[in-house]
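What follows is a pair of complexes built around chain A, which joins chain B in one and chain C in the other.
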Partner chain A sequence: MAPEGVHTVKSYEQELSRLRAMMTRMGGIVESQVAQAIAAVTAQDEDAARAAPGQDPQVDALERDVEGLAIRLLALRSPMASDLREIVAALKITGDLERIGDYASSIARRSTRFDLADSRISLSGLTAMGRLVQENLRRAIDAISQQDPERALEVWQSDQGVDEYYTAMFRALVTYMMEDPRNIGPCTHLLFIAKNLERIGDHATNIAERVYYAVTGENLPAYRPRGGLASDAAETSVTR
Partner chain B sequence: MHTLLDIALVAGSFVIGWAVRAWRGQKGHEKKFLTTSLVEDGRTVAASPMLPSALVELIPVPIVLLDMEGHLRHVNRTAKGLFGDSINAVVRHPAAQAVLAGLPREMIETTLLELDVPVRRVVRASFRRWEKSMRAVGWDFDGVVMVLADHTEAAVVDRIRTDFVAHASHELRTPLASLTGFIETLQGPAANDPAAQQQFLAIMAGQAARMQRLIDRLLYLSRVQRLEHTRPQQMVSAGDITDRVLEETCVMMRNADASLTVEAPEDDIFFPADEDQIVQVLLNLTENAVKYGGSGVAITLSAQPSKRGGVVFAVVDDGEGIEPDHIPRLTERFYRVEKRGKVSPEGTGLGLSIVKHVVDRHGGRLTIDSAPGRGTRCSVWFPPAA
Partner chain C sequence: MAPEGVHTVKSYEQELSRLRAMMTRMGGIVESQVAQAIAAVTAQDEDAARAAPGQDPQVDALERDVEGLAIRLLALRSPMASDLREIVAALKITGDLERIGDYASSIARRSTRFDLADSRISLSGLTAMGRLVQENLRRAIDAISQQDPERALEVWQSDQGVDEYYTAMFRALVTYMMEDPRNIGPCTHLLFIAKNLERIGDHATNIAERVYYAVTGENLPAYRPRGGLASDAAETSVTR
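Presenting the complex of A and B:
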């Protein structure tokens, strides 16, 4: 337990470790919010729909705590190099996590506002997209707690799949709406839900980029492999 | 399932409690047996205490040691084998964190937590706190022992059953309706028309065969799902697997005017897996290549060691390729690519879904690269032993 780079001030090391623990805890809550939001939509689980927004205050409190601790560390310890990068990244990552939590709450709240019981709209695409987003988020949070740039790179690369799903969902939903105007209400909600999921995927990618930078000191290329563009989808499906 | 938890708890608390007693106990021989510590001039010198990690390695239930902040300090072999890298998600789950935050000394607390990805799991976690002042077997930090028990099976079986009924009734309705229609025609209008009878019976046989295939696939899929949370531990050989695939596809290749080449690695690769399931995965991928590749398609099956450890199997064809907007949805159940209005009559829409579930069970990854006119490459990566 004495590798090189151990800080002479014991409590500094402890504070850094506390910072990491808080981030992981925040990640865990956000992860469960996203799981609840997806269950609320795909399984019409009303308990889950209420539970996801219920965790918002905890996430907000943790965000403030992380911010407070990070600023304290910056002010009192003048961290250098990788510590400095980690602390600054932590400030930004909590912002991303908090946004993800908000999107999850918004999906959960929206899920109670429409009923698919007697329409033939299929949710299988949304279910699969949700799984992929959850999987990416899980890896992004693993990357934070293990400070693992490889994991981060994986997330960064697989966001393309999420974008492609969004495009496919967009097309399918527009088709449903053209088939029957009664579908417009629920499909609009589903469209927002798909958009929110796509945003969650983007924030997971941001987290991955920040972890990568914090650990390696290098930025990932500005150009990220992107999936289908929603604007193209709009054109092809409307002119068809 | 309670028995497993009981064993876990009894074994966990027994060994640890025993270790604590051994350390605090006044009986010299007991202490020596466990820790090989030396007692010199009444002063205890912990020469080589049996490390806690070594101790928990011996216990055949999944155990995780955490420090008070919830950082992983040790994950035993059983836990690694069963949970792989989901262990982080288990520890940071809000239910687990809630227990960790308010765990009193010497108390055992238990909570049930659920995970969705990479495979659905229901885990029962029991926690017990210790303090370094207890001087338990050489731990130099305050922390928590977490004993895990998997309760997934009971929770998912119900869902699998509902899924099965829903899918079977939905997907079997179409061929069944067409069968009923033909039977009515044979009884009425076509009763005296042998030529039409032969034609209808041929179509009916095709529909019946399709229903049979569908049921077989659905049953296989629910079997795979039921096992999905158990990670295979047995080591298998990549070479044996590709050999079996080559044997089992030879009739299919001859009938379809397709060819399969196998590129085996120079040195055989071993990885933990369920051999039959991996063969099934590669058979499904090869079958897809034959079905959607068009006639005269050339298929290559390769097995290569992966840079990040483990093995990558790839099935590559030079067929028609897939439009990009279908690719993300291919593993959805009953999703089928419609080619210019016609759906392949043999497809059940379950082949890739089965592939995905098997890959998830093994903690692997499925990648599909394809473009129209440029063929398709499906690769599956399986991780090395934990």
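Presenting the complex of A and C:
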């Protein structure tokens, strides 16, 4: 039988990896919600539109479980340095994951509220934007499960691409609305969908920043302006 | 001279109230950002439009300070029960406050990008919605500083009013766009502004839920559907 000190250390490690596994699982569900949301819009897939919000309760339950375990670890283990940073990061990251799931459900619900059958509105921009957002989210979740700062850095670097897609989408949608008032209804929904995708990208970046800090103890190289400053400005030229 | 135990307890209490004071200060700044954002839109006040984003760095710095103090308290004091809940809630609430500040800045920046001078677009709905959101935010921040679950409950109860205002705004804005294509630019911005205000209301409710739990150890009476389910559905009748 192992001496008590060793046993304590081992089960502490086990609890930390359980925390990481719960986060990864939460990330996996949220990732599938985002995939369903994008399919609901771009392929008008009604099953996917129902499936994404259907997973919300699981995400909420996992958020509470992670919080419970994190609090227990904080209370009973008095973690220090990088362990403490990881547990605090977990508390923050679950908030980001929950928001991502929320945005995905919101996109999925919206997808059933308009019909593009008789319009010439193209969704190719949204498809490309969706692909990049999903790629970034995948990397952010890998960064959590592998505690890998390099992956985190990749997410952080490619968020600008998401903003550029958003700006292009915004311009295209306003143009469709100007061309034909029948486009106003669907394009209004598509504007919100594009914005929600951009926000999902922002939250993936937040996660990347938090993982990077938890693992390295350093903040990412430079302060990254959040909240779509660049894309806000680019909207102006179309709407003024 | 006080015995050492008493001294430790006292400075622990002092640190906890310092944490609360920092949160209240962060809340106060964010509150002023929201007031500036609303003035920027409804009174076309350009100074206010600049002032709101100007306070972002202060909010970010306070978020980091709260996080730093919370981590120190967790590491050195091994807090239990309600103290532990309060410190964990602080970590989550700063995230909500930061998002509220972010939405306010986004509204303020948008306010300079359109001009309602020659249109018949009315902002009376937005003004009323802004007033209710500000009231709720004020209550949420009072709930933090006074650790008052009653105030938290008030916020939680009146969020539905915010959603109703949002739905009415959404209908009105889509109607303006249908009437005259020259309204499409400004109304697109106003749609996002209304949505951001609704989100600020959601985050005030999140804060209320967290304060209630931290103080009482109980969740609020019933699960409140988040992400504007009700308002999403109400949008449909106009845009389909």
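List of remarks:
Quick note on the criterion: the second predicted complex is superposed on the first by the 214 of 240 C-alpha atoms of A that agree within 3 Å, B and C clash if a C-alpha of one lies under 4 Å from a C-alpha of the other, contacts with A are read in each partner's own complex, and residues count from 1 in each chain.
The rule we apply is simple: a contact is a pair of C-beta atoms (placed from the backbone, for glycine too) under 8 Å apart; a residue touches a chain by one contact, two chains touch by 3 or more.
These figures come from a predicted structure and were not determined experimentally.
Once chain A of one complex is fitted onto chain A of the other, the partner contacts of A:R110 are limited to chain C, with no touch recorded for chain B. In the superposed pair of complexes, A:A35 makes contact with chain B only, with no contact to chain C. In the superposed model, A:S17 makes contact with chain B only, not with chain C. In the superposed model, A:P181 lies in contact with chain C only, and not with chain B. Contacts of A:I71 after superposition: chain C is touched, whereas chain B is not reached.
Of the two partner chains, chain B is the only one touched by A:T167; chain C is not. The residues of chain A shared by its contacts with chain B and with chain C are 227-228. Contact residues on chain A toward chain B in their complex (touch as defined above): 1, 17-18, 20-21, 24-25, 27-29, 31-32, 35, 38, 55, 124-125, 127-129, 131-132, 134-135, 138, 141-142, 145-146, 150, 161, 164-165, 167-168, 171, 227-228, 233. Listing the residues of chain B that touch chain A in their complex gives 69-71, 85, 88-89, 92-94, 96-97, 114-118, 140, 308, 324-325, 327-329, 331-335. Here chain C touches chain A in the complex through residues 67, 70-71, 74-75, 78-80, 84-85, 88, 91-92, 95, 102-103, 105-106, 109-110, 113-115, 174, 177-178, 181, 184-186, 188-189, 191-192, 195, 226-229, 232, 235-236, 238-240, going by the rule given at the top.
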